[in-house]
Amino acid sequence: MSGATVGFVGLGAMGRGMAGSLLRAGHAVRVWNRSPEPVAALVSQGAEAAGSLAEVFAADTVVSMLANDQAVEGLLLDPELLAGAKATLHVNMATVSLALAERAEALHAEHGIGYVAAPVLGRPPVAEAGKLNILAAGAPELLDRAEPLFAAMGDRTWRFGDAPRQANTAKISTNFLLACAIESMAEACSLAEAHGVRPTDLVEMLTGTLFPGPIYSGYGSMVAERRYEPAGFRLPLGLKDVGLALEAGAARHVPLPFGGILRDAFLDALAHGDGEKDWAAVAEVARRRAGLPD
Amino acid sequence: MSGATVGFVGLGAMGRGMAGSLLRAGHAVRVWNRSPEPVAALVSQGAEAAGSLAEVFAADTVVSMLANDQAVEGLLLDPELLAGAKATLHVNMATVSLALAERAEALHAEHGIGYVAAPVLGRPPVAEAGKLNILAAGAPELLDRAEPLFAAMGDRTWRFGDAPRQANTAKISTNFLLACAIESMAEACSLAEAHGVRPTDLVEMLTGTLFPGPIYSGYGSMVAERRYEPAGFRLPLGLKDVGLALEAGAARHVPLPFGGILRDAFLDALAHGDGEKDWAAVAEVARRRAGLPD
Amino acid sequence: MSGATVGFVGLGAMGRGMAGSLLRAGHAVRVWNRSPEPVAALVSQGAEAAGSLAEVFAADTVVSMLANDQAVEGLLLDPELLAGAKATLHVNMATVSLALAERAEALHAEHGIGYVAAPVLGRPPVAEAGKLNILAAGAPELLDRAEPLFAAMGDRTWRFGDAPRQANTAKISTNFLLACAIESMAEACSLAEAHGVRPTDLVEMLTGTLFPGPIYSGYGSMVAERRYEPAGFRLPLGLKDVGLALEAGAARHVPLPFGGILRDAFLDALAHGDGEKDWAAVAEVARRRAGLPD
Amino acid sequence: MSGATVGFVGLGAMGRGMAGSLLRAGHAVRVWNRSPEPVAALVSQGAEAAGSLAEVFAADTVVSMLANDQAVEGLLLDPELLAGAKATLHVNMATVSLALAERAEALHAEHGIGYVAAPVLGRPPVAEAGKLNILAAGAPELLDRAEPLFAAMGDRTWRFGDAPRQANTAKISTNFLLACAIESMAEACSLAEAHGVRPTDLVEMLTGTLFPGPIYSGYGSMVAERRYEPAGFRLPLGLKDVGLALEAGAARHVPLPFGGILRDAFLDALAHGDGEKDWAAVAEVARRRAGLPD
């Protein structure tokens, strides 16, 4: 096996685009996924199929993009796997908790494997296009080493420090801001509607003036039009992300009052059966509180 | 007095730029202000000084840009003044409460004067440059009549409906969203800082990716750098605007949970002596809650 | 008119019981009410009917028990009335805002009339029985002078200081605590019910152990049994009282996070048509948030 | 070993009083504790010292009173221990999460051991006196069997249903109400103090009228006098209990807005170094928010 090979774990909606970007940039990629279907698709693009996680960790560098803490914990934080690894760098691009980030870093250090956190901003089509924003942290020499991979998968890499968890903090903070923006617009649109202003008019003005950009524009129109399906990002995942922020706050005694409101709003949405909708559906909670017509 | 003359009341930091824009666009403008200094400056630009509010209301159209409800109530909602007015249109561009907007509309109607609400987005230099965004509502024919004035003062006019209060609703909702954005960034930056991420790094990434635009960029850097002076918009004015949103919500039974948090945060900031700072200083409350170094 | 006569203004559900208590204790009472019916009832108990407020204020001491700020402001804070008064003491027993309490004190001082605030705890039957708790504040010699009246109307008088507004503060704080207790039980009962515990079992245990007393017991059973009618204290009055606390907090920059939650919960209840129910019906908001069966 | 012997695990401040009560009531008690000191004290009162947890579970009935989920999980939810147990009833009197309660019940059922949850209300001196209030749930025949033990340890047993977790729900709800009462008084006392009313006067009146009982009286005076040491119940334990309520809420999608406020207040208190104080010290957060003198 050549040292230039990149091991890649996790071919979900995001991971398959990212692995594809690596292939298109000329990297040799050895892929593994819990379910076999996405593996075949990547192999048809030139990837090598790994027979086991151990084979992935026989590559010099491993990139992983798993769904959450549980998946990372269950699949990768395996002392046996790490003890037998030839890899000297693991780039974890998942959105995970700070507690997991710390455990992961310590465990990799024990086994002499470099560990870098590099969660991303961007939806699957952006991953597909290799245009992600990558939030990275870790030892500078490791980040330098990962740079060609980042260049293949992303538009730009933002560095947040020497400790991997700093990148996870940045990602968690960003998702917290997304949720705050959605709830803000939800409350503003309910206020507007209750006073006879069309939410679509409000959002059009807002995004045409002070609040340009994909979040206010994208979620703003979903909220204003009450269009929550198909779900780009499901509501329970939103609650999970708010939970990551609250947990990160608790670990350092940082109160997050907006976070508490968000948590309750997402629970309220789930209590009313909106778990399969986009997290923008939290706006229905604001409407229900105000008794606006269903 | 020619029918083409525009009466203008309120030459504060915003009003003087707006009146100047009208002059530059070739309108004849008759100005009045409580204190005389700004009048002289406008006269030197070609305006006529009114000797009284009655002289202002002798013009066909009156534009007013006063500081708040109290000023509008005290100066303009004067039955005697309105009864004697020749003006047939009053364009009120101040940010006022919905309750005042309703009283103003009713009182003008009693005296047969058209009333339009047209609060604006933009700071004094934008007013000076005639590049404001104007949020307008009122009878369509009145809005059409005001359009040449709007064109002189603003970049774009956004119409929100036939009832003047709809424009005030849009403005109040917008300011509410500004306050929400500031508090969101304050909480996110405290979270980041507590975990060793530099808030300036976080804000640079955010504004370079998902949150472009003047609000996240301008207030984001103020929050991240803890730079709250000189005040572009003083904290007590921020509390006043949050209060307008809460009051508007209460009038239609619209709970605004983020609004409640904002109110407490602004009170906390005032309790700690930050009343002369920019409203971005509410971020210090988030830092204090988390025990971050002063 | 004898110096021993007490003028009494405001014969609502509370006032008529209080005036009756004064009569039963042997005081000469001259009564006035906006609507005439309650006057006749008191006259049949031995009271004298006043032909005007001026006649009430011709008595040595005036006791007033009006519904709210508006009534006090409109009827009693009348410079002409006070200028012509022979009364040297006005005991205001209404629950009013601190702002009104301050205006009232200042205006009475201008006219050389002693002013005491003495809001009460207790429902109409308690007023009827002369068993109220009286929260009093004002100059000690005035409080001493009012003591025989307090003794007739109440079980106990609690003194809070020399400035009348201190008694209003105590009353506003007490009502705030009532609202907090109701919301606390509402949330706890929703939590219990969602996990299969009968709210009535929970409340029975709570009031039998750590939370005895009329509030937890009375409101607890209303919440647990979802019994909100007939209304002992209507929901909009509860919102008004929460508003008095928030306003009092704002005046001294005291954030009240529970107050913000209460405000939203009461608005939510009003938005859902519960304005005629007892304020314990705010518990339905907690149930609705959790999606509990209607 | 006689069938009448009761195994007892956990001789902390509460457990030693409870085991002592069992002894005084004539029960044969075999005790185990992680650290040996309390064992000796109980042995001197007539208890038998168990050499291992297995010896405890050789008794017919086991009572456990451990500190938290971690202790219960680590010591008692041990499949080997339960598989070898002769005990047919385990009465778990600790305050634990609902998630743990469910796992515990299922695991005991697998091994054919009856499981009852019976958390208690009362501080150590009350445990010592055998006057606890016991919140119990489980199969009726198991509760009946435990009744003599309950009678020895408590004043009264409150039954909440057939599923053990119902008792845990009742306990978690009760502790949530305690925290709400403390925060309510903290806010009310800050409001009062800011307006010149002595918090001690306010609390004296409150507890003498509408809010009798140990909670408002005990915590009220601590808050009013700012007396937080010695700690009867440490602040981090309060945060843990609030967390149990929030977690229980989340499991059934029950928003708890007061809970979110409490969480932030406790974090704020910890951020300011009050972790060794009584949880009533959360009142300092309310004072700090309002800028009241330190």
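For the reader, a short list of remarks on this structure follows.
In this document, chain identifiers A, B, C and D correspond to the written order of the chains, with residue numbering beginning at 1 in each.
By our rule, a contact is a pair of C-beta atoms (placed from the backbone, for glycine too) under 8 Å apart; a residue touches a chain by one contact, two chains touch by 3 or more.
What you see is a predicted model, and the numbers here were worked out from it, not measured in a lab.
Looking at subunit C and subunit D, the chains in contact with each of them are A, B.
The greatest centre-to-centre distance from subunit C, using averaged C-alpha positions, is reached by A.
If each chain is reduced to the centroid of its CA atoms, subunit A and subunit C end up 54 Å from each other.
Here the CA centre of subunit B is 39 Å from the CA centre of subunit C.
Counting partners per residue, subunit A has 249, 253-257, 261, 264-265, 267-268, 271, 289-291 as the residues that reach two or more other chains. Residues 246, 249-250, 253-257, 260-261, 263-265, 267-268, 270-271 of subunit B are the ones that touch subunit C when the two sit in their complex. Residue ranges of subunit B in contact with subunit D, taken from their complex: 257, 264, 267-268, 271-273, 288-291.
Chain contact summary for the complex, subunit D toward subunit C: residues 98, 121, 133, 135, 156, 158-161, 163, 165-166, 169-170, 172-174, 176-178, 180-181, 183-185, 187-192, 194-198, 201-202, 204-206, 208-216, 245, 248-249, 251-259, 261, 264-265, 286, 289-291.
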